Structures are given as structure tokens and as C-alpha cells.
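Presented below is the structure to which this report refers.
Each chain carries a letter (A, B, C and D) given by its place in the written order, and its residues are counted from 1.
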Amino acid sequence: MKAFKELKRACYEANMELNALNLVIYTFGNVSAVDRDAGVFAIKPSGVPYELLKAEDMVILDYDNRLIEGAMRPSSDTKTHAWLYKNWEDIGGIAHTHATYSVSWAQAQRDIPIFGTTHADHLTQDIPCAPPMSDELIEGNYEHNTGIQITDCFSQRKLDYREVPMVLIGNHGPFTWGKDAAKAVYHSRVLEELAKMAYLTLQINPQAPRLKDALVKKHYDRKHGKDAYYGQN
Amino acid sequence: MKAFKELKRACYEANMELNALNLVIYTFGNVSAVDRDAGVFAIKPSGVPYELLKAEDMVILDYDNRLIEGAMRPSSDTKTHAWLYKNWEDIGGIAHTHATYSVSWAQAQRDIPIFGTTHADHLTQDIPCAPPMSDELIEGNYEHNTGIQITDCFSQRKLDYREVPMVLIGNHGPFTWGKDAAKAVYHSRVLEELAKMAYLTLQINPQAPRLKDALVKKHYDRKHGKDAYYGQN
Amino acid sequence: MKAFKELKRACYEANMELNALNLVIYTFGNVSAVDRDAGVFAIKPSGVPYELLKAEDMVILDYDNRLIEGAMRPSSDTKTHAWLYKNWEDIGGIAHTHATYSVSWAQAQRDIPIFGTTHADHLTQDIPCAPPMSDELIEGNYEHNTGIQITDCFSQRKLDYREVPMVLIGNHGPFTWGKDAAKAVYHSRVLEELAKMAYLTLQINPQAPRLKDALVKKHYDRKHGKDAYYGQN
Amino acid sequence: MKAFKELKRACYEANMELNALNLVIYTFGNVSAVDRDAGVFAIKPSGVPYELLKAEDMVILDYDNRLIEGAMRPSSDTKTHAWLYKNWEDIGGIAHTHATYSVSWAQAQRDIPIFGTTHADHLTQDIPCAPPMSDELIEGNYEHNTGIQITDCFSQRKLDYREVPMVLIGNHGPFTWGKDAAKAVYHSRVLEELAKMAYLTLQINPQAPRLKDALVKKHYDRKHGKDAYYGQN
């Protein structure tokens, strides 16, 4: 269908970028891109090697996981994406990886503390690690429930998904999002760097203090506040 | 002999892939591929640099280490491969590396705990580390006995080689296998990633818990169970 | 303006080198180059991806942050550069990165101890980590005050910026400098290596001793002393 | 002089290989190659970037550091090379690097324990770390005394340089050697890998045991013993 050509292209390019940034090995990751007007999203097909992937292979679904267009089976994590699109209306793209340092924090079941300005340039909070699900939820509609696990985590901690564009699922790995699929991939790359830096920081100084509030605010605001002066816009 | 051309080609390509994936330095690794109908396997010649390696250099042997075809001396680890092919009839290919993180766990003489879903996507058990052999076995038919060490480890722990496609030999390094040589190499790459993630997980949280059973089962089954829904088949 | 063409070119090339050396991801860094005769410096525009950057995009300012030439907004860290040029007259170029190991030490708020001759080849002191600023200074003219934080740190510790060409800002990251922009980038790369080696040294031996004075002096002098015999000049 | 053309070429190529293997940053390393019949060796000129280096730039000296041929100043570590050539007559090439993991063990002032078969494939001993020199020796003929420090370390520990082709100088870094310059570089690469693996092994298991004697002997002999069966010769 011609109408989704651009959406598939954006989704394809974001998936290829995930691979180019070394955030995935083999097919251990997926990116989706949404078209809010049409109420659908494009997502990578499941288990297709990046070197064989083509833009037209992207699968189109609605927020209730109904197949709209596509010959291939969508990513096994599709229902998590759908849930987030359905509930968080300002998201334009979502990325999921098994990147090394991000997954290691998820396996350690620890939030990533905000230790420096690299972190504060992107978000003002520790990066949350949602606890593993109950057995009942795992054995049920697993990927759908993973989405609920994410939104519940944000509700309980009173986090705003527009200000915290990333989460770790305990024992699993990261999901990140943004205004479009490219930005979601950007946040996956940033998260992997923050995860590595935080790991090293604690190795060098197990008592390293959290970044002070004034610096958190200063760095976030100079990039994202109303008087932001970072970048060209 | 023309009949083995395809077998040598598959073996050669898997060896080159091992190198391309940075799982070996110099000649510290080897891959073999079996032809079950002919009852023979092809293996890398010993100590030949990858940039000089050609498909026709692959050496053909039977499961009792009798040379069937080939002008070069086979890998020094050939007898380990032969033993595994002889005893585990569903294996199509075997890979051996000295990859950094895998070897480090082997040197630490520790099983790699199952900490996350990346691990459970591939196997439901901790990755076993077989203990170093007795002096008598080392001084005897060493590489043959290394094969026995592996099969004994699996027997004693009641592990099924079809479900656990990898092992560490204490103080030495990993052997991995699969339905063909390419899959054996794939498992070497996956093992190296799991070894790195498990190392980092324990650095971040020395009390990190093992993955809960419900998640182990869920992730393994969605890729390998009878109702698997990962991938396109 | 034709007069600044060479200055912009030197600044541009140093910024591209920072990227080529993998010291930055995305736009997390900046380099400037000074023209002491003209009393101006060139600096990278804020937030422009390296693949889009052109030499003519470099922004020219004086030491009081007055725009002299350029259509784009300069780096958000410009005022820190300006302060250092104004106060340390022998500096020809300045680099700032968020390189992984350097930032990790900054986040750990620890000086990097001098552990070996690689370090002593470049400087005779521990690499200083300036403490984070007071809230008042952060909320004020932040980037200007960051410059003051650096010069105050050197005054208080009686360090000479000509002999110690690098500093860590606590919770933020490194600034480095040199006789020109290329040398500033060189010092960023050296610092990242020293930061990684010092981290590993402490992991291997938490009681590792500081390099003895005779070796500090010997290595520094053979490269920088009056009878230096390293290199071709 | 035409007679040294081949020697210079071998030296040049080994230096370039050191760089290609990522064992050096900038000019932090050097390789030499000896011509035993002529009683001279070729060595890299001091501080020349690899991208500018040419085979004809190599400097020729005798074992008493007398310049035989060459327009450039030789490596600042030349006297260490000369001493080793003079005293250890079976050495054909020497390499010195500041490779990350090797230097970190040197800075930690610890021998690298033999933990596995990767190590035993190359040498049967822990990799010795010579202690830093006395102040008197450092302030004297420093690089010459570094050579003495190495040969003294081997004498005191009753090590044979033909069986242990590598050493760490405390607080400085590694020297490695071999039958020719290429083999010396090979040993630098192997050492860096052993250093990384030993570091990780101790992180995973601080009580990791030394490799048992039977395995040390088995692996060394299958590669270097009189009935060696590794490789094609």
C-alpha cells in the first residue's frame, strides 16, 4: 500500500541504524515507527538478518495488534510496542535492544543512577528498572503484559514518559522511545553509554554520589528547557 | 574428491565467519562440519592463518580419526570433534574458540549462571563448566579424553546436548555445536556475549538472582517450543 | 572573512579528528583553536552532526564571547573556552569530550593517580579532578564559571597549565589543551588511555603504588626536559 | 646501504603490524630486527607517526649503540634493545608497546599468573613483572639499565628467555621477543590477550587456581615439544 511507504522506510532505516551502532548482534533487537494519523505502526519482521532486510518487509499493525499490511510475521515483541503506542500518545518510535551494558544493569535488577551531566543532558531521573513480572503475567499474554509492566512502573514512580525516554525490564533489557524512530534509536545508544559509564563509575568509586540537583536541572534545561541554548534551533 | 566439495565449503565458510566475528586471534580456534550419510567430517587444518586458508585445505576424517582426504595435518583438537560426532548423532557442526570472556569463565572454573532472557532465548540451563581432567587423562590421549570429559559432564548433570549447545572446559575454553557448522559458530558468538553480560551483571550486583523459572520457560519456548512464534518459520 | 580561513580549517580538522578517534558519540564534544595575534578563536557550532560539519561552519569569537564571525550558534561550552584563552595565554587549542573512561573518573570525583611511565611521558602530576561547583555558580553564568572552576583548581593546587594539559570537571568530564587544537585533541586521546589504564590497574591491585619520583622525572624529562631525546627535534 | 635493505624492510613491516593490531596509540611502541651475521639491528626512529613511516627510515645500530646507518634519531628505548641483543644471542627481534592490559599489570606490579591453556600454548611460567629500578639506575643510563633489569630478573628467577618470550617492566610496560621481529610482535599480541583474560579471570573468581602442571606441560609440548603436533611443520 503506497500510503505506508514512507513509514516503512523510516522504520527500516532506524532498524539498520541500530545495527550500524553495534547495539545488536544477529537479530536481537527491533525498532518500530508510528503514523498517528493512520493509527498504525511499522515494525521489523521477526528474526530476519539485517543484511537481508528490505524496507518493504516492514509489517504494519494497529494498536490492537491487528495486521494491516505485510507478508511476514512481525517482531515477537510487537505487542509491547502496540501497548506503548496505545497508551503514550506522544511517542513516535520505539526501540528494543539486547545491548551489553544496558542488559547487564537489567540483569542486575538495578536502576542506573544519575552520576553526571552526560546523563542529565538527556533525563533528570535515574533510569528505572522495572521488576520482573509475576509468573501469572509471564505465562499469560507475555509481550502485552511487558507493555503494562512498563506503564505501571512509570505510574507508580510518577515518571513522565516524555521526560524519561527509556526503561530497563528486569532480567530482560531496555526499551527506549522518542518523537520518531530515529530518536528512539538515539536513546538506545545514549542509554548504552550511560550504562557503561555508570558501571565504571561505581567500579572506581563505590560511594560515588548522585549528581547534585542544581547540575541536573542546569544540564537538562540548557538542552530541553524553555530557554534551551544547545543546538541550532 | 568431488563428493566432499560442498562439505569443505561449508566448513571453510564457518571457519572464516569465526574469524570475521572476532572470536579468534591468529589461529586460536577451529570449526568442523559433518556429513552424516558419508560418516565423515571436514575440519580446519592446524595452524594455518585465515588469510591463507582455502576451502580445499579442509581435512576429511571419519569418527575414528582416520584420514579420508586432505594433504594437511588437521586441527590439533580433531579428536575432540570426532568423539562428539561419534557420540552425539544429532550434531551437524562443532566450533572451538579461545574467545576472551568465554575463556575467562573457563579459567575461573565457574558455570555461567542464567541471568536473563538473552540467555533463555538459547538455553534453559547455566552454561556448564566441565572440570579440568585428571593428570592421567591429560598425559594420555588428551584431545580424545577432552571429548569424553564433555560427554561425561553432560551425563553426570543429566543435560541434553540438543538443548544445551555449548560447554566450557575448565582452564581451556568453549566448545559449541549445532545443526550445522554455521549454527555452531552462531552459538560461539552467543556464548561470548552471554559470558560478557554475566560478568558485568555480577560486577554491578554480586547478589544478582538467577532468572526465574517462568521467564526461562517463556523465552525458550517462544523460540524453540512447539508453539514457537519467533522468526519466519 | 578570508583572514580566518586557516583558523577555521585547523579547528574543523581537530573536531573531525576527535570523532575519528572515537572520543565522542553524536555531538558530545567540541574543539576550539585560537589566533593569538587576532585575539579570536574558532569553535565548533553547537549540536551539528560531524558528517554535516564543514570548515566554514566554525564560529569566530573573541575572549569575551563576542561573536566576530559565523552564522551558527557556537558550542554551548564556548564561555569555558573563552575564559581559558583569556587567562592562560600560552594555550593554542582546547578540546572537550564525554569520552567513557575520562567521564567515569570525573563522575567518581577522583583524581587519576600517576601509576606509570605512559602517564609520566605526558605530565608529572595526578590528573586533577575539580570539584563540582556550588549551586550559586551553577545557576549563574554556568559555562563561564566552569572556566573559573578550572583556573581556581590550578591556582589552589599550584599546578602549571603548561605542564598539566588536562583536567576533569567533577560529574561532567574532561577539558584538555595544548599548543594548538591538534595537540589538545592528542591530549584528550592520551587522557582517555591513562584513565582506562588507571582504572584497570586499581582493579588488578587496589594497593598499586604511585609511580616513584625518579621515574616521573626521568620520563617527563626525556620527552619535555631541556635535554629531551624523544622524537626528531 | 644496500646490504641492510631487507633488514629495514622486516623491521618496518613489524612496526606497521604493531600498529595494525591496535597495540599502540600514536608512537607509543617500537620494534627492532637483528642481523646476527652483520652484528647490527634495525629499529624504528623515535616519535615518527606510523602513517609517515617508511622502510628506509629505520635506523641501523650495533649492540653497543653505535650508529651504523640512518638519518634519524633511533627510538628512545634503543639501548634496551641493544642490551638484549648483546646478551641473549638467540633473539631475532624485539617489540615494546604500551598496550592497555599489559601496561595495567605492569602498573599493578604483579606477575600475570598462568590460568589456562591459551597461556600454556606459549609459555610454561607466570609472565614475570620485573620490579622498578633503584633511583640510582633510573638517574643513570636509564634505557641501558632497563635492559639489565630484564636480564637480571631472568637470572634471579632462573628463567630461560627462549621459553619465556616476554616480560613486564614494573610501572612501565611489556617487552617481548622472538626468532624474528614478526614473532616478537606476535608475542606482544598474545601477551595483551593473556593479560586481559587473566584480569577477567580474577574478577570472576578471585580464588581462581593456577593451571595444573600436567596441563601446562601438555599444551606447551604439543606446540613446542620434540613431538609437537600443532601446525604444519
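Just so it is clear, a residue touches a chain if its C-beta (ideal position, glycine included) is under 8 Å from a C-beta of that chain, and two chains touch if they have at least 3 such contacts.
Since we're looking at a predicted model, the values are computed, not measured.
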Most distant chain from subunit B by Cα centroid: C
Approximate Å spacing (C-alpha centroids) for the pair subunit B, subunit C: 47
Length of the line joining the C-alpha centres of subunit C and subunit D, rounded to whole Å: 33
Touching two or more other chains - residues of subunit C: 203
Touching pairs - complete list by chain label: A-B, A-C, B-D, C-D
Complex contact set, residues of subunit C against subunit A: 25-26, 28, 45-48, 72-73, 76, 98, 100-101, 103-110, 132-133, 135, 138-139, 142, 171-173, 199, 202-203
Sites on subunit D touched by subunit B in the complex: 115-118, 121, 186, 189-190, 193, 196-198, 200-201, 203-205, 208-209, 211-215, 218, 222, 229-232
